[in-house]
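Each of the two complexes below includes chain A, the first together with chain B, the second together with chain C.
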Partner chain A sequence: MDGIIEIITQFAADEPAVFALIIGIIGAAVISGVVNVGAMLVIWGERKVLSDFCNRYGPNRVGGRWGILQLGADAIKLFTKEDIIPGDADKAVYVWAPIVASMATMLVAVAIPFGALHINGKDYPLVVANMDISALYVEAALSLMAIAVFMAGYSSNNKYSILGAFRGIARMIAYEVPMGVCVISVAVMAHSLNLVEIVESQTVWYVFAQPLGFVIFVIALITDLGRIPFDQSEAEEEIISGYNTEYSGIRWGLLYFQEYNNALLGSILLSLLFLGGWHGPIIPIPILDIISPLIWLFMKVVIVLWFFIWVRSSLFRLRIDQVTNFGWKWMLPLSLLNLGWAVLIGSYFA
Partner chain B sequence: MTIASEVLSSIQSAFPGAVLDSRVESDRRLWATIDSNKILDVCKHLSSKHNFDHYSGSAGVDWIARKEMEVVEIMASHGAHQVVAMLKIKTPRENPSVKSLTGLYWNANWYEREIWEMFGINFEGHPELYPLLLSDELMGAWPWRKDYKGYPDLTTGERAVEITTPDGYTQYRIPPTPAEVEAGTVVLERPKYPSFREREELEIKSDSEMIMHLGPQHAMVPGPFLLDILVEGERVKKAFLDVGYIHKGIEKIMENRTWLQGITYTDRMCYVASLSNNECYCGAVEKILGLEVPQRAQYIRVILEELSRIQSHLIGTGEFLTLVAGVGYAPWQYMIMDREKIISLIESVTGARLTHTFVRFGGVRNDLPEGFAEQCKKVLPYMKSRTEEFIELFAQDPIYSLRMENIGSIPAETAKRMGCAGRVLRAAGVAYDMRKEDPILVYPELDFKVVTGTRGDSADRIDVTLREILESIHIIEQCLDRIPSGPIKTEAKIPKKVPAGEAYYRVEDPRGEMGMYVISDGGDKPYRVKVRGPFYATFQTLTPLLEGVYIADAVAIAGSMDGCPSEADR
Partner chain C sequence: MAGEPMAVVNYIPLIIFLIMGAIVPIAALAAIKIIAPNKPKRQKLSIYEGGLKPIRDAKIQYSVQYYLFAIVFVIFDVEVLFLYPWIYVYANKAMQQFMIYGFMNYAVFEMLLFIVVLLVGLIYAIKKEALRWV
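Moving on, here comes the complex of A and B:
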C-alpha cells in the first residue's frame, strides 16, 4: 500500500499536468457513475421509505421483493418513450434545459468530496477538484439548477410551466442568500472555504457549534431541492408539475433525475458542512478501517435523505407568498445573526 | 314553531286569491299552487314574515296531457322552523314563461337555468340564461319535455348534420325544417356560453393577465368540471365555472325505468354516497305509497347510512389533503386504509363496495349478517381513536393552519344566502342538518349533535367533517344496542303501479341536504324525479369565493368543499 502511494505521489510531483489530466478523466467517469447510480438508489429509496411512511408497499415486483430493478424498468421506459416537443415551444431552449440541469449537477459533483480513505492514520479525501473555494463554488453551482428550471418553464410555452418557472426563481432568490450566509458562517468558523479543510476542522461538529445555522441551512437546502413543503415550482395539484409539464420521455427523465442528483449532493454537502463529514470512530477491522470514513459519510447522508422523505410525508406545501415572506423576513435576518455568532465563536475554535 | 297550515293561512290572508290550490300534507310539508303573477310577492312575504330564507331548489314538470308546464319552487328555512313549502307555478305549454326568483334568492340562478335548458321554460328577469348542463348544440331541443324524441330524432331517423364552425370546431345539429322556422317552434338564436378564446378576448385587460384552466382535466378536480381562473401573477382575479361534463340525464332516465329499477340509478349519482341516495329515492316513493318501514329495517338503514357517511368523509378529507400537501402526505393513506375497514363492513351487508342498491321500498334488501355487531364494535373504537388523532394532528400543525385558516371563509349569513349545504354551511356556524330538521327513520330517537364551526374556512370544514365522523360512530353504537329483531321488509304488498301522487323527501347526504321530488301519475314508472343535490347547491358559491385569492388557495378552497361533480351534473 505504501509503495503504491509513494509511486503516485512521485508521479504527481514529476508530471503535474499529466497527473491532473488522468485524475480529471478518471474523476469524471467515477463521479458521473457515482452520482447517477446514487441518484437511482435515492429514487428507489424514496419510493420505498415513502411507502413505509404511508403504510403501503411501494415497488415490490420488478427485481424481487424489494423492487430493486424498478428503476431500470422505468429508465428503459423513459428512453423508449416518444419525445414530444410542443409546436410553439422555444425549441433550442427547450432542448437545452435538461442538459443545463445535468451540467449544473455535474459541476457541483466535481468539487464535492465523496468521502475519504483512511490509510495509515491519515485521511485521503476523494475529491476530483480540490479547490480552495469549493464551498462557495458548490453553493454557486447548486443555484444553476434554477436557471435550468427557468429555461424549461419559459420555453415550454405553457401557462402552468411559466408559473412554475416564476415560482422557482422567486424561491431561489429568497433562499440562496440565507443559504450562502450559512456557508460563509461555516467558513468563518473553519477559516477556510475548502470543503476538505472544513471537514478536517470539525473537531466539534458545526451542528453543535451553530445550531441556528444548521436549521436555516436545512430549510434553505430543502427549498433549493424543491421538496415539500417548498415544492411550489412543481406543485402537481395546482400547476400540474409546473416547469416540466410539457416534458416527456428521456428529457423529462433527465429533469427528474437532476432533482434526485441534487438531493444526493445536497445531503452530502449538509453532512460535510455541519455533520462532521466523514468523521467518526475508525472501525478496527482490516480493510474496513480504510473505508470507514466512507461508511460514516454514507450513513450520515442516508439519515439526511431519510429526514427529507419524512418531512415530505408529514408536511403541507406552503404557498409561494408565505415562502418568500418567510425567506426574506425570517431566514435572512436569522442567518445574519448566525453569522455574527459564528464570528464570535470562531475565535474560540481558532 | 311555525307549522304548514299557519304558513298557508298567512299567505291566503296576505294575498287573497293568490293560492289557487293547496294541500297541507303534514306539519312540515305545504303544497300550494300560486298564481304566477303573485309568486314574487308571496316569496317576499314568506322570506320576510316566516323566515323562509332557504331557497332549496326548483323543479320543472311537463304536464303534457294538461298542456301546461309547472315550476315547483322548494322553500325552506335555515332552522327557524321545519316547514318545506312546495310552491307550484303553472304556465301554458306554448311559450312557457314564469318570473325569475334570482332577484330574491341568489342561488336560484342555476336551478332556473337548468329548467330553462331542459324544459324551455323562460324565466323573466334572469340575468344570464344560457346553457348550464347541456352543450350549446342541444339548446332548443328541450330534452326533458315529454314529447322529446331523442337525439338524433328517433322518429324520423334523421341524423344530425355535421357542421364545421368558423373557428374550426365540429358541431352536430339537426337543422330546422322550413315549416318549423315559420312556426317559430325552434330556437334559431341560441344564447351561447363563451368559448375559451372568446372569453380571453372579453376578459383579459392587460399583458400580465392570463386565463388558466383548473379543469376539466386537472389534478385538482374530483370529477370533470371546468374551472377557469383569470390570474395576474399568482392572484386569481376572477373564476369561471362550467358544469355538465358528466351530465347523465339520470332524472330523465328514471322516467323510463320502472320504480324499482330507478334505485340503481340513484347509486350512480354519487357513488360514495349511494346509500343516502337510495334512501332518498325509496323514502319518497314510500311516502307516496304510504308504506310503514319496520323498525329493524329502519335501524339497518341508519347504520348503513352512517357507515357510508364515515367512508365518504374519510375519502373526501383525504383527497383534499393531498391537494394541499401532495400525494406523499401520509395521513391521506391512513384515511384510505381506515376507510377500507368501513367499506368492508358495508360490503359484508350489501355485497357491494360502492354501488349498493340496498334500500328497498318498505325495507331493505337483506338482513345484517351474523357477527356484524361484533365486527362493528371492533372497528368503531379504532375509527374513533384514529379520527381523534387526525383532529389533534391538524390542530397542532402550524403549516396546516397557515394554509387552511381564514382561507375561503364564508360567514354564516352569506352561506345561508348562497344556499350552501352540508359541511360548508355547518362550518359557517349554521346548525342545519336534515337528520334534525326533517327527521326520518329512527333519527328522532337517537342522541347526536349537529357539529358546527365558527369561521367557515377550509380548516373549519375539515374539522366539522372529522367531528361528524365521531357523531356518526356514536349513532351507530346506539343503533347496535337498540336494534330490535323482526321483519326487514314491510308486510304490505308493493304494487307495480304506484298510485298517483307526489312527495318530497329529504335526507342528510354526506355532502348535505339532499332532496328528491317524485311524482307518480299512477303508472309503473315515475312521471318525474327531481334530485336536489347538495353539491349542486354548494358548487354555485365557488366562483365568488375564488376572487382575489392565490392560485394555491383556489385549490384549497375548491377541494375543501368535498366536491362530487357526478352528483351535481346527475
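Moving on, here comes the complex of A and C:
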C-alpha cells in the first residue's frame, strides 16, 4: 500500500499536467456516476420519507416492497414523452438551460472532497481539484444554478415562469451575502479557505464553536437549494410551477434532477464545513478502517438530507417579501455578528 | 495556511468536468430526438396561461425597486469578496505581531472599521426603504 501511494505522489510531482488530466478524466467519470446515482437515491428517499411523514406508503409498486425502481420507471416515462418546445420560446436559451444547470453541478462536484481514505494512520482526502480557495469556489459554483433557473424562466416567455425567475434571483442575492460571510467565519477559525484543511482543523466541530453561524448557513443553504420554506421560484399554488412551467419530458427531468444533485452536494458541503467532515472514530476492523472516514461522512450527509426533508414536511412556504426582508434585515447583520464572534474566539481562546 | 501558489495545471479537471456536465444532458436530449414522438400542433405549442390564449408578450418590465436590490447586492458582495483575501492576511503569523492598543490585531481592527462603514450603509438603505419588496 505504501509503495503505491509513493509512486502516485512521485508521479504527481514529476508530471503535474498529465496527472491532473488523468485525475480529471477518472474523477469526471466516477463522480458524475456517484452524484447522479446519489441524486436518484435522494429523490427516492425523499418520496419515501415524506410519505412516512404524511402517514402513507409512497412508491411501493415498481421494484419490490420499497419501490426502489420507481425512478427507473419515471425515467422511461420522461424519455418517451413527446418533446414540446413552446412556439414563442427563445429556443436557444430554452434548450441550454438544463445543460447549464448540469454543468453548474459538475463544477461544484469537482472541488468537493467526497471523503477520505485512512491508510496507515493518515487521511488521504478524495478530491479531484484540491484548490487553496475551494470553499469560495464551491460557494460560487453552487449559486450558478440561479443562472440556469433564470435562463429557464426568462426564455419560456410565460408570465408565471418570468415571475418565478425574478423571484429566484431576488431570493438568491438576498441570501448569498450571509452565506459567504458564514463561510468566511469558518475560514477565520480554520485559517484557510481550503475545504480539506477546514475539515482537518476541526478538532471541535464548528457547529459547537459557532452555533449562530451554523443556523444562518443552514437557512442560506436551503434558500440556495430552493427547498420548501424558500421555494418561491416554483411555488405551485401561486405560479403553477414557476420557472419550469413550460418544461416537459426529459427537459423538465434534467432541471428537476439537478436540484437534487445540488441538494446532495450542498449537504456534503454543510457536513464538511460545520459537522467535522469525515472525522469520527476509526472502526478497528481491517478494510473497514480504510473506508471508515467515508462511512462517517456518509452518515452525516444522510442525517443532513433527512433534516432537509423534515424541514420540508414541517414548514410552510414564506412570501417572497418576507424572505427578502428576513435575508437583508436579519440574516446579514447576524452573520456579521457571527463573524465577529469567530474572530474573537479564534484570536483569544483557540 | 496555504503553501505554494496553485499551478494552472490543477485547474485542468475543471474543464473536463465542465465538458462531462454538458455531455450527459446533451446525450439525453439526443436520445429523445430518436425515441420520443414529435407531432407538433399549434395548440400544443402555445404558452400555458390558465387555459386561455396568452395575452401579450410575457417579457414584462419589472419594477425599478427590483434593481435597487441588485445594486445593494453588488455593494455587499464586493464586501464579501474583500473579506476572502483578508482571511489570509489575518492568518499570517507576521501580521499577528501588529497589535493596536495592545489587544487587537491590526487586520481585525481594519476589517472591523470596514464592516462598520458598510453596516451604516445597510441601515441607510433599510431606512430609505430601498430593500422593500413591492
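Remarks
Just so we're on the same page, the second predicted complex is superposed on the first by the 347 of 350 C-alpha atoms of A that agree within 3 Å, B and C clash if a C-alpha of one lies under 4 Å from a C-alpha of the other, contacts with A are read in each partner's own complex, and residues count from 1 in each chain.
Heads up, the rule we're going with is that a contact is a pair of C-beta atoms (placed from the backbone, for glycine too) under 8 Å apart; a residue touches a chain by one contact, two chains touch by 3 or more.
These numbers come from a predicted model, not from an experiment.
When both complexes are superposed on chain A, chain B and chain C end up sitting side by side without clashing. After overlaying the two complexes on the shared chain, residue contacts for A:S32 are found with chain C alone; chain B is out of touch. Taking chain A as the reference, the larger set of touched residues comes from C, when chain B and chain C are compared. By the touch criterion stated above, A:N325 is placed in contact with chain C alone, chain B being left untouched. After overlaying the two complexes on the shared chain, residue contacts for A:G58 are found with neither chain B nor chain C.
When the shared chain is aligned, chain B comes close enough to touch A:P229, but chain C does not. Using the contact criterion defined above for the overlaid structures, shared-chain residue A:K159 touches chain B and also reaches chain C.
Looking at the shared chain after the overlay, A:L315 reaches chain B, while chain C stays out of its contact range. In the overlay built on the shared chain, the residue A:E238 is in contact with chain B alone; chain C does not reach it.
In the superposed model, the angle subtended at the C-alpha centre of chain A by the C-alpha centres of chain B and chain C comes to 90 degrees, rounded to the nearest 10. Using the contact criterion defined above for the overlaid structures, shared-chain residue A:G280 touches neither chain B nor chain C, since it reaches no partner.
After superposing the two complexes on chain A, the closest approach between C-alpha atoms of chain B and chain C comes to 5 Å.
The intersection of chain A residues touching chain B with those touching chain C, taken from the two complexes, comprises 159-160, 166, 240, 320-321. Residues of chain A that touch chain B in their complex: 50, 53-56, 159-160, 163, 166-167, 228-229, 231-232, 235-240, 312-322. Taken in their complex, chain A has these residues touching chain C: 16-17, 20-21, 23-25, 27-29, 31-32, 36, 79-89, 95, 98-99, 102-107, 109-110, 128-133, 136, 154, 156-162, 166, 170, 173-174, 176-177, 180-181, 184, 187-188, 191-194, 240, 245-246, 249-251, 253-254, 320-321, 324-325, 328-329, 332-333, 336, 339-340, 343, 347.
Here chain B touches chain A in the complex through residues 210, 212-213, 218-220, 231, 233-234, 321-330, 332-334, 337, 397, 399-400, 402-403, 550-555, going by the rule given at the top. Of all residues in chain C, those touching chain A in their complex are 1-2, 5-7, 9-22, 24-26, 28-29, 31-33, 35-40, 42, 44-49, 54, 57-60, 62, 66, 69-70, 72-73, 76-77, 79-80, 83-84, 87-88, 90-91, 105, 108, 111-112, 115, 119, 122, 126, 131-133.
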